[in-house]
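By written order: A, B, C and D. Residues from 1 in each chain.
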Amino acid sequence: MKLTIVIHCADQIGIISAVTHFLHKKGGNVVYLDQHVDTETNVFFMRIECEFDNGFNKTNFDIDFNSQLGNSYNMQWSSHAQNVKPKMAIFVSKYNHCLYDLLSRYNSGELAVEIPFIISNHDDLAYIPQQFDVPFYHIPVSKESKYLAESKQLELLKKHQIDFIVLARYMQIVSTKLINEYPNRIINIHHSFLPAFAGAKPYHAAFKRGVKIIGATSHYVTEELDAGPIIEQGVTRVTHSHSIKDFITKGKDLEKIVLSTAVKLHIDRKTMVCNNKTLVFS
Amino acid sequence: MKLTIVIHCADQIGIISAVTHFLHKKGGNVVYLDQHVDTETNVFFMRIECEFDNGFNKTNFDIDFNSQLGNSYNMQWSSHAQNVKPKMAIFVSKYNHCLYDLLSRYNSGELAVEIPFIISNHDDLAYIPQQFDVPFYHIPVSKESKYLAESKQLELLKKHQIDFIVLARYMQIVSTKLINEYPNRIINIHHSFLPAFAGAKPYHAAFKRGVKIIGATSHYVTEELDAGPIIEQGVTRVTHSHSIKDFITKGKDLEKIVLSTAVKLHIDRKTMVCNNKTLVFS
Amino acid sequence: MKLTIVIHCADQIGIISAVTHFLHKKGGNVVYLDQHVDTETNVFFMRIECEFDNGFNKTNFDIDFNSQLGNSYNMQWSSHAQNVKPKMAIFVSKYNHCLYDLLSRYNSGELAVEIPFIISNHDDLAYIPQQFDVPFYHIPVSKESKYLAESKQLELLKKHQIDFIVLARYMQIVSTKLINEYPNRIINIHHSFLPAFAGAKPYHAAFKRGVKIIGATSHYVTEELDAGPIIEQGVTRVTHSHSIKDFITKGKDLEKIVLSTAVKLHIDRKTMVCNNKTLVFS
Amino acid sequence: MKLTIVIHCADQIGIISAVTHFLHKKGGNVVYLDQHVDTETNVFFMRIECEFDNGFNKTNFDIDFNSQLGNSYNMQWSSHAQNVKPKMAIFVSKYNHCLYDLLSRYNSGELAVEIPFIISNHDDLAYIPQQFDVPFYHIPVSKESKYLAESKQLELLKKHQIDFIVLARYMQIVSTKLINEYPNRIINIHHSFLPAFAGAKPYHAAFKRGVKIIGATSHYVTEELDAGPIIEQGVTRVTHSHSIKDFITKGKDLEKIVLSTAVKLHIDRKTMVCNNKTLVFS
């Protein structure tokens, strides 16, 4: 039985000692420990993977952890059994490359998640969820229907107890309400090397500027467009002989790898957010 | 005897045929040919390396090229014997890494240039030119002395018939006058992945934004700050565990490689400028 | 109407001039020209993309090219209309990542090919061709059935006039007969940075050696195992904290990108083979 | 006062807890902790950076650490005050790029070492140590003088209490005796992506094989040539248009960055060796 524990709290001397001592007493064997102190905010972060024998009782563990450590150190913390799969919803629009990439990884067991459904504002890609036997909901979004569409989305998300959302080139700005319901749990892929070329048509802007390297960025969605905590970035070289179309084609490969890398880090609870930045324990 | 010929003009059918036919008649053997048409401006670019026998007369060649091709196709063109070394001036401030890198490459014969002198607005690095036996001029720059300093710089540049200038972390904004005297012949290194983090303190800005990759950009200097045609870019990964100081240290390695790559491309006349972008034939 | 012409022959002075002159006379506009001379073998290579008006007659063009250039320069050459899609067969075994990647690119129009069928020695992945409506043939291969299996493969390849074959992690050594039928037209993906770790279980070998970077290599298949001309390679960083399983997972991403890049280069006729090496005009 | 502690021992439950508890009692504040268990050999590795107040007494600390932890857990361990600079000797032959790179970093304070001397089997580069005011010893090595040369080298190394040796393209095979005196403390740079192209003339071999990516590898020297634990590797792309000379030039940039990265990791005691592999805590 393997447990992942993530913790953050104000930095105090002796925390690592206290936590590892507690785990030792509980019969746990620490197989992985990573920690970080953000020196600007003086916040301490820790991620531990710990193995326990079969008799392990998670409910008791959580109660004891809280009373012996969580309260006294004023920790934000959570523990996760590694055999419980989180529930991931995918939002898409008309581009299929990220969706295919996520679903083929899911299909081959590489992504340890459940995918209760896929939502799109168009029905162009309806055939792909069907190929993979995943429920698909077509929820059109127009200026007028935006509010209604969002209600339908939220209803589905709640009903299926979704843990996090992946915007696989969704191309729509998600509402503040949705963002607040899923803070640091909506993962977007933006097709540029942020903060360069935020907003619309980044490949066109990159082409116009004459950059020699293009990129893609996966980040948690916050209210400010394309300005949330960056989880992962990737880059590839381009030359003057590449057209905008070439940029888009090369970029697609970046987008799908960068997005799926970010999704895997999130699933493994290897990301923590601090000060609009991510810590990535990998 | 090897000649490099660079050409650009309005795109017209038959140019490659006409130029290669001319070279063939002149007894030249084309060992390298690269061409590009910018579809937005409809401008044709070509770079050729051509070998000739010993009897080759460059003056006659140039006259014939102009009368038979240059005039009729309305070409901007130039030809360069590969054994003539261009004259490069280096401007530095207080950072030594790019200067050391350029001088050690020069010293080992990797850079086929002459370096008539090095200019700095500080005297901190005076010992380095001395190590390498290169003349050094300390020309301080203050708000008041800016105009005078620039005159001294220009005087030196003219006197030594400098072909191009390398700003090896010079940290000063060069004047419009200097830029106009050396259009597309002043090479700067900016310590970010442009267009992200233009201007001052890019590593601090990158740290604050929480990027996962940092970069460096070498470009020709134009009037708009950090907005000239990009010659070369490089990137390297960073993580949440890197401090700003780590960014700066890792960045130095990028800066020196990216700058010297750009300088070599310029020396080999492998760069051409079009529409505030570079073509790099490499 | 766009034509791609690929040529190689003994290097001779004046070839570029002769070919571009011929194209000019035929009313063609050269939009892309790349050439290379292999100095060891003294062989000249050229690839041209040329646009013609609507009245263009390819049959006549080919006859004239041959009589006016091909014969006199003793060229190996071919011309290809860009609207004719080559026929690609895919061979797979049990790994699905490369197959999914190729089919999703095919499905979205990124790969300009026809895929008449997919062959596998196992039926594990039969559901994937079905998802994409591509015919699937299960041809088991055992020591005893090897000869028969190969005959069946060849029969299918011939019947469907296959132009080239992609081994998408096929995991079987293909026979000399097949290789000779499709010289430089069978593309394999090997899961290491060749020539390191040729043969079986390269990720295990890389893990044992403690490398800090792993790779994948796409190459044309020749009789010597994993020793054919390399088309494309890719790499990614690993650390001591990665297990062999992590190597395999990270490697899959490399494999699919590297293989599809090689396939696209081949489709665009941007690869030429010389001396067991490839020229890649990209 | 900052202390770096490195530990390895057989893996046992409770080690992290015991060590962090000890440091806490001693008034230390753990600012960085990294650990790893090699599952094949079941060896536990840990590296800790810990801050102490001014009154800290290292001698007492070491005694207490040993009696309370080192002995009972049967640890191999050492502690290092961060203000004590290790002594590094450099061996070179005729290539100057790595030497220039190391010395310019040393000169600008980037490398926290002392460099008591530089040894070369040739006197070609004698002028460089002179530029940087570092003692230089020319110790020629021939078949006959090999034994004598080695004695002279060892005498200098002992006399100056050298901590570790950097072979900055030394081009000579160092003797078993030297290797045994400095186990995992001789850092070499090999100009290929090991294990590909071990031995002599790797760029020539890479060119012949037609690879699309070349590399450089820094490793600890062991008796088997180019087979020691890899510390760092770097790669760069090449194409068919690059000559062997281009490979060498591009490779030099890799070599100097890879070597200096490895040297910095070693200085910071971020490398540990296990099973002929390195752990790199970075």
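We adopt the following convention: a residue touches a chain if its C-beta (ideal position, glycine included) is under 8 Å from a C-beta of that chain, and two chains touch if they have at least 3 such contacts.
Here's who's who by UniProt: A, B, C, D = Formyltetrahydrofolate deformylase.
Here the structure is a predicted model, which is why all the values come from computation and not from measurement.
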If you apply the touch rule, which chains end up adjacent to both chain A and chain C? B, D
Quick one: point me to the chain whose Cα centre is farthest from that of chain C. D
Whole-Å distance, chain B centre to chain C centre, using C-alpha means? 37
I'd like the Å distance between the centres of chain C and chain D, where a centre is the mean of that chain's Cα atoms. 42
By the touch definition above, chain C meets two or more other chains at residues none
Quick check on the complex: what are the chain C residues that touch chain A? 96-97, 100-101, 104-105, 107-108, 110, 131-132, 249, 252-253, 257, 260
Per the touch rule, the chain A residues reaching chain B in their complex are 36, 39, 193-197, 209-213, 215, 229-235, 239-241, 243, 275-280
Footprint of chain C on chain B - complex, ascending: 13-14, 16-17, 20-21, 23-24, 29-31, 33-35, 37, 237
